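Consider the two complexes below, in which chain A is the common component and chain B and chain C are the respective partners.
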Partner chain A sequence: MPYQFSFEPIYDNWGILAEGVLTTLGLTLAGGALGLGLGVLGAVVRFRRTPVQYQIVTAYVEMVRNTPFLIQLYFIFFGLPSLGLRLAGWQASILAMALNLGAYSTEIIRAGLESLPRGLFEAAAALSLTPRQTLRLVLLKPALKNVWPSLCSQVIIVMLGSSVCSQLAVVELTSAASLLQARTFRAFELYLFATAVYLLLAVLIRFLLRRVGRRFIARGRP
Partner chain B sequence: MPPLINADGIHKSFGGMEVLRGTTLRVDEGEVAAVIGRSGSGKSTLLRILNGLETCDAGFLSVDGERISGLERDLRRLRLKVGMVFQQFNLFPHLTAGENVMLAPRAVKRLSRPEAKSLAGEMLAGVGLADRFDAFPDQLSGGQQQRVAIARALAMRPRVLLCDEITSALDPELVGEVLEVVRKLAAAGMTLVLVTHEMRFAREVCDRLVFMHNGVVGEEGKPAELFSRPQTPELAAFIGQAGQGSAGR
Partner chain C sequence: MIRFTFPDIVRGLVSGLFWTVGLSLIAFLGGGLAGFAILMARLSRNRIVSRAASLYIEFFQGAPLLMQLFLVFFGFSLLGFNISPLATAASVLTLYAGAYLGEIWRGSVESLPRGQWEAAESLALGRWAQLRLVILPQALRISIPPTVGFSVQLVKGTAVTSIIGFLEITKAGTMIANATYRPLMVYGLAALGYFLLCFPLSLAARRLERRFHAPADKR
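This part shows the complex of A and B:
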């Protein structure tokens, strides 16, 4: 007998699925904003090569980029309580996502800073700006503009990576789908739905980030 | 009266290659000096040292009676007195023409926004770009961008303006509008040091011509004298070639 498709579990349980989608979005928003902020700070340290800070940031970047996200998540959620830092699942998820995005975006934004023409630094110096003012007022926006598409992709990678947070019993989209799957055995339908929603979210986030970029980073330019 | 800029015995090497070998340059208040010479003769390096973008290995530099060391704090004070315009304009791409001019007066001199805005308007009007206040650099022609760069440097009210081959990156038809601005500044009594390949312009506008050769000042004097009676074969050869090179302009 051929498989009978039934999407009823999705209609019947839209509440928990909607909660899952919102949680995924919330994690991405919080982790994305914190991660990008961390990336700017890390990039500035790497770019200016301030001793000690530079080594610390480099170690952080290499540690995050060369270990699996799941292990980072487990370490924060299961490992840190041994040191007295006990976080809720959603808190650990946001922290892990922010740290992960922070490391990758540090390198992306640093590359953006280093790609800027030497003349911008010199023009700023010739106007008596301090190195700090030069970074903040002159270099940061053009650098972010240069690498904005890469940063958008990285945010989306982290959004998709949030599915791993289902391991901490955070009811985001993946765990909502898995939960219902275990209850209804409608794996095909539920995971198809989850796939479609992730795809949609990715497209939506890319669209929104592009607009943000155009508004705040590359304003007034085609 | 002591010279506004006094550079004495300046030495500078880049990786074993000695670019300046004891260069001496004095520029008086209100003087317009052009530094000419072949590529590699050290003229741009000299200009960059006058503004602290490079520090010299040996030598003495004072501006407006103040001795300049290589310290960052000293350099920023120096740059308040010495403005600079570059070959590649170097406008800040994310800011409008007006914001480019406003940035340093706001950040360095702590002018209020309205003050900086009216200053920027005045400076842009001075270079004939009052109507392009809200244009972004990539909406401006090369000549317009360079004029904004001049306005940006002048907004800091420097005692002297250094111009490093400011027309070399421009299409020939845009050179005139930039030189016109420089000519106006010279007429208004601004102290200028120009590194330039525009021989005819140097001859017309400058009070003094400084010919650099192999990292030292080979000859200097009034343009008319230098052009008509070069004392060294190097300058004679340079004038001959430059004359042919810029005949089309």
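This part shows the complex of A and C:
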């Protein structure tokens, strides 16, 4: 007998799946905001080449970018408790997402800062702005504006990556689907549905971030 | 009860690392072939073919790798086949790498000035000859740094296959950590294993990029 598809488990359990979607969005929002903040700080250190800080940030960036997210997650969730830092699954997930995004966005934002025309620096110096003022008032917005599309893509990559947080018993979209498949044996349908939702979330997040970018950083000139 | 000494732990992880490397190589070679097919389809003048290829790319770049693995793993069992974790991992990573490599290579082809195509056409070369003799040799040069860069992403991607039960270094790490109760050290060593594989590739990608002066798209 050929396989009969049944999408009923999805209708019947929409509450659990909706909760999973909201959790995925919440993780992405928290991890995304923290990660981008971390990225700005890291980029400034890398850009200014302040000794010691520069080496620390470089080591952090290389360590994160050359190891898988899953291992970072396991290290934080399973490893850190033996150093006395015991985190809940969702806390570990947000921390891992923020650290991961922070490393990638450090490099993206640094490239944005380095692509700025020399004239900006000279103009800021001519106004006798301090280095801190120059960064905050003159350089940051145009740099972010230049690399905003790359940052959006990176946030989406982190959102998709959050599906492995299901391994820490965080009930996000993937583990909601996994829980239901164990109960209903409709694995294929549930994962197909989850995949479609991830594709939609990627579109939605890109749309929202583009609006955020237009609203807050479009005024950065060059 | 088995007691794990430090050399036992390292030995377990290294044998996992061996499978990580093997799976990465399979996926890179398979993905290279798939990527070339996708590139050809994207460059095709047939609208339907090139649209299909871009949908393929959007799917594999827009869906989480874990979902792709689950879909193939459970999809095959629906059809009545029992598929091993290795076969699932190798086929999914091949398709995944094909999407990324196809897109990277299309970017390299499109970064060539239009004049190259026109010059080749003015020599009365056919479409295939234009590609083979004029376009691809130049695009190849541009595509090397981002291709090496992608291999880092692919090696890291193999970690997710531990979730469907493929015994590579992450899975080995999980098992050893559960047996020894020393997750900090075991996952730290596993991370070191990945770092030793990926960091040289990252450095090579960066060096090649500087040498060829072709800025690769940042991923």
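Just so it is clear, the second predicted complex is superposed on the first by the 218 of 222 C-alpha atoms of A that agree within 3 Å, B and C clash if a C-alpha of one lies under 4 Å from a C-alpha of the other, contacts with A are read in each partner's own complex, and residues count from 1 in each chain.
Methods note: contacts are C-beta pairs under 8 Å (C-beta built on N, C-alpha and C of every residue); 3 or more make two chains touch, one makes a residue touch a chain.
It should be emphasised that the depicted structure is a prediction, and the values quoted were computed from it without experimental measurement.
Using the contact criterion defined above for the overlaid structures, shared-chain residue A:Arg65 touches chain C, although it does not reach chain B. Taking chain A as the reference chain, the count of touched residues is higher for C when chain B and chain C are set side by side. Of the two partner chains, chain C is the only one touched by A:Thr174; chain B is not. Of the two partner chains placed by the overlay, only chain C lies in contact with A:Leu199; chain B stays clear of it. Applying the stated contact rule after C-alpha superposition, one finds that A:Phe185 touches neither chain B nor chain C.
Legend: residue contacts after superposition of the two complexes on their common chain; A:Ile217 is shown touching chain B, with no touch to chain C.
When both complexes are overlaid on chain A, the residue A:Thr130 reaches chain B alone and has no touch with chain C. Residues 58-59, 62-68, 70-71, 74-75, 78-79, 152, 156-160, 162-163, 170, 173-174, 177, 182-184, 187-188, 190-191, 194-195, 198-199, 202, 218-219 of chain C touch chain A in their complex.
Of all residues in chain A, those touching chain C in their complex are 3, 62-63, 65-72, 74-75, 78-83, 107-108, 111, 150, 153, 160-161, 163-164, 166-167, 174, 181, 187-188, 191-192, 194-195, 198-199, 202. Those residues of chain A that touch chain B in the shared complex are 117, 119-120, 122-130, 133, 137-138, 141-142, 145, 217-221.
On the chain B side of its complex with chain A, the touching residues are 51-53, 75-76, 79-80, 83-84, 86, 88-94, 96, 103-104, 107-108, 136, 138, 149, 152-153, 156.
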